[in-house]
Amino acid sequence: MENKQTPLGYISFSVFAWIVGLLIFFPIFWMVLTSFKTELEAVSIPPSFISFDWTLENYAEVQERSNYFKFAMNSVILAVGSTLVGLVFAVTCAWAMAFNPTKRTKDALLWMLSTKMMPPVGVLVPIYLVFRDWGLLDTRFGLIMVLFLMNLPIMVWMLYTYFKEIPTDILEAARMDGATLPKEIIFVLLPMAVPGIASTMLLNVILAWNEAFWTLNLTTSDAAPLTAFIASYSSPEGLFWAKLSAASTLAVAPILVIGWFSQKQLVRGLTFGAVK
Amino acid sequence: MSTRASTLTGRIMSAPSIIVLFLWMAVPLGMTIYFSFLRYNLLSPGMEEWIGTLNYEFFLTDPAFFASLANTLLLVGSVLVITVVGGVLLGLMLDQPIFGRGILRLLVIAPFFIMPTVNALVWKNLLMDPVSGMFAWIASLFGLPAIDWFTNAPLTSIIIMVSWQWLPFAVLILLTALQSLDRDQKEAAQMDGAGPVAIFFYITLPHLSRAITVVVLIETIFLLTVFAEIFVTTGGGPGLATTNIAFLVYTQALLQFDVGGASAGGIVAVILANIVAIFLIRLIGKNLDK
Amino acid sequence: MGAIRLEKVKKSFGTLDVIPGVDLDINDGEFVVFVGPSGCGKSTLLRLIAGLEDVTDGKILIDGTDVANEAPAKRGLSMVFQSYALYPHMTVYNNIAFGLKMAGESKDVIDQKVQSAAKILNLTDYLDRRPGALSGGQRQRVAIGRAIVRNPAAFLFDEPLSNLDAALRVNMRLEITGLHQELKTTMIYVTHDQVEAMTMADKIVVLQAGRVEQVGKPMELYNSPANKFVAGFIGSPKMNFLGGELAAKHNCHEIGIRPEHLTVSTDRGDIAATVKIAEHLGAETYLHVEADGLGPMTVRATGEMPLGEHDKIFLTPEQDRIHRFDAHGLALGPS
């Protein structure tokens, strides 16, 4: 079918496809554009697309007035923290399951999967109460633990599928070459697993950064990440669109970039390996 | 291939993750189940008493429950239809040769990486605001009145936002599956005289059926618990128009402080999710055997 | 140095006895080939000797010491895997050096040993490359180099030539045989290809369903197979098995005659047959015939035979090359 396409067909289809794509992308584009407008400009009708006074005042204000930096730091700490904790648990678990499978391994993996499918709202009450009674509410430590546990099944699964792709006879060759278990892991397994581990880390950072259930319910001010900060714009005073846009652009930019580079990993991780 | 020593090591190494997840799941879930049988209100602590299945009766006969159940099903169903159909179409589109296809793909994928709170507020304000929003302006260009989205069609608004966010997910998955369809099959069909429509229905769609199933199941799991968008835009309203089960439980727990009732609601949500989960697990379990 | 003995070695997976019990003696410096069809247990047996699998029962003695409970590294053996199993993230040099590094050798000793192994295998120019940048044959040699450099008591080869194309396979076969002549170390070689077995082995072990069917020198197995299985497995094309009147004449259940031990004549002979398909290779001709009252047979004639479909011919077996088998498939002596 493709080989019969004419140059005209190619061009017109491309135009069509680009229109569709730009329409889908439009909200993001509009948000970024609005962040450079003044508040008055942002709510004016008809909306201006290019010819307005571009300004950076929103970005400045977002940091000054509302200490954007603190929320961003929290997002970073939560995302990176839960990823690192998760890695320690997930690498050891996935290693064991991929290379020393027992009869129960498959059941264990599927069970882990099922914990991810439990709606968080089902345990909102006890978690909230436990956090309150143990002084974990609004702490970064508490949130890191929750995010870590939420994403552990995905991390284990992703690493498991990556580890399974490492040919076992290379590890056996290392054993024949005299490597003890730790040496086998350090010198042979980990170097080969680095791409898979990196992908898993990226995916986890994305999921933790965007998580908007526990971060909204378990934090108020100290540990609040960007998701909660943006949520505070839901009941604002006065004109706020431009500031919202600036804050939002800053909040989503890192993940957009990371996400663009990790599409394949996303597919693998979120479908638990069912689609590769 | 494993020797005695390494099997034991294997068990020890997988233990921490399994234990930790078990605690995370079993303990809170157990507590929720326990609470659901109590009359427990945070405003009057220390006065809990066992009331058996009363909470469940109240919850399941509460008109709010039926409203939220309907909303949940409507939300999940609509988003599924929009994302799967849109995903197949966009996947087919992106599978063709297009000028600058790589960049175009990035544009289409982008919405998935936007955090839900940003998603919701950008749509609510910049696009859907009946006075200064982009949609209002476009309507005025056609001489039509602006739609007050969140007053007149709140659930639809939520559906639109959530579909926009999840469409890229479906596109990614379905595009990946499409690209794994080898050309030989299509060429054999062409030799057999099949036109593009026939090829789509007899070859492409069956090949995609597995990926579509995965998309449907996984999206359902996540869509059942849509929360942030509602929290940040409508707060469940007007009335109960945008309350889904997840939000209903939230309001009962943290706004009405009715722990007992909310726990019962939470269990109901868990049961609903489990029904879907069983199918997904079976599908993935089959994949594991390969 | 490299004498290996297996005593009642048994391997079960759950309730399945993959290897019911094997006794085997391998002398120091011998080139032993384990051969058999897929699933016969030859790779399993090799892996038991290597230590990559645990024996369910039995002893594995290397130079008199039972190593059945030792880790692979402690057994002093080297293995060349079917897929070569090279470390993809290391250079050829580091691949070969890895084992020595694990043993804690000093940098100078490592360098000296790696360089000398590279020289034997013509790898000196490739030491800085990664396996991804090598051809199949080169990767093979790196795998062999990795094995040589540890100076093992014995080399274990697990179907090393299966992944190579036909021409390369012939070359590598000669290289490995040459290596054995030079190093004089014990080599245990697993293959399903009976040509490799016949050309390379000092001693062949034929396996089927985990049991040793016969052990012996290549020509012993060719001339005096102990049963129908060995007779049919060794030698290509496969031996013809004939029953009926012909077998009765020789006082047995079935006789076996190899395709190359039948003389072809167009006017007279012991067995009448019609040609179905004739394959002309120039140096030899394979005739697939339907023998009257005896069923299909294969005949191998030297040189060119101007015969084709429907031609009627007569076959005469060489009398001293007839094998007799009883109803259980066991070989009987000469009639």
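Going by the order they are written in, the chains are A, B and C; count residues from 1 in each one.
We take it that a contact is a pair of C-beta atoms (placed from the backbone, for glycine too) under 8 Å apart; a residue touches a chain by one contact, two chains touch by 3 or more.
Here is each chain with its UniProt name: A = Carbohydrate ABC transporter permease; B = Sugar ABC transporter permease; C = ABC transporter ATP-binding protein.
The model shown is predicted, which means the values in this text are computed figures rather than measured ones.
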Worksheet item: Which chain's centre, taken as the mean of its Cα atoms, is farthest from the centre of subunit A?
Response: C
Worksheet item: Chain with the smallest distance from its CA centroid to the overall CA centroid?
Response: A
Discussion item. So the centre of each chain is just the mean of its C-alpha atoms; given that, what is the distance between subunit A and subunit B in Å?
Written reply: 16
Worksheet, complete the sentence: Chain-centre distance (mean CA atoms) for subunit A and subunit C, in whole Å, is 54
Fill in: Mean-CA-position distance for subunit C and subunit B (Å)
58
Practice prompt. Name the residues of subunit A that each touch 2 or more other chains.
Written response: 172
Fill in: Residue numbers of subunit C (touch at least two other chains)
52, 71
Worksheet, complete the sentence: Touching two or more other chains in subunit B are residues 1
Worksheet entry | Residue numbers on subunit A that touch subunit B, as the complex places them | 1-2, 5, 10-11, 13-14, 17-18, 20-22, 24-25, 27-28, 30-31, 34, 42-47, 89-90, 92-93, 95-97, 99-102, 105-106, 108-110, 112-130, 149, 152-153, 156, 168, 172, 181, 206, 209-210, 212-213, 216-217, 226-228, 230-231, 233-234, 241, 244-245, 248, 251-252, 255-256, 258-260, 263-264, 266-267, 270-276
Fill in: Contact set on subunit A toward subunit C in their complex
167, 169-170, 172-180, 183, 187-188, 191-192
Worksheet, complete the sentence: As the complex stands, subunit C meets subunit A at residues 50, 52, 71-73, 77-79, 81-83, 85-89, 98-99, 102-103, 146, 150
Item to complete: Over in the complex, which subunit B residues touch subunit A? Could you list them?
Response: 1-2, 6-7, 9-14, 16-18, 20-21, 24-25, 27-29, 31-32, 35, 90, 93-94, 96-101, 104, 106-118, 120-123, 125-127, 131-132, 134, 136-137, 140, 164, 167, 169, 172-173, 176-177, 186, 190, 196, 199, 210-211, 214, 218, 221, 224-225, 227-228, 231-233, 245-246, 249-250, 253-254, 259, 262-263, 265-267, 269-270, 272-274, 276-277, 280-281, 283-285, 287-289
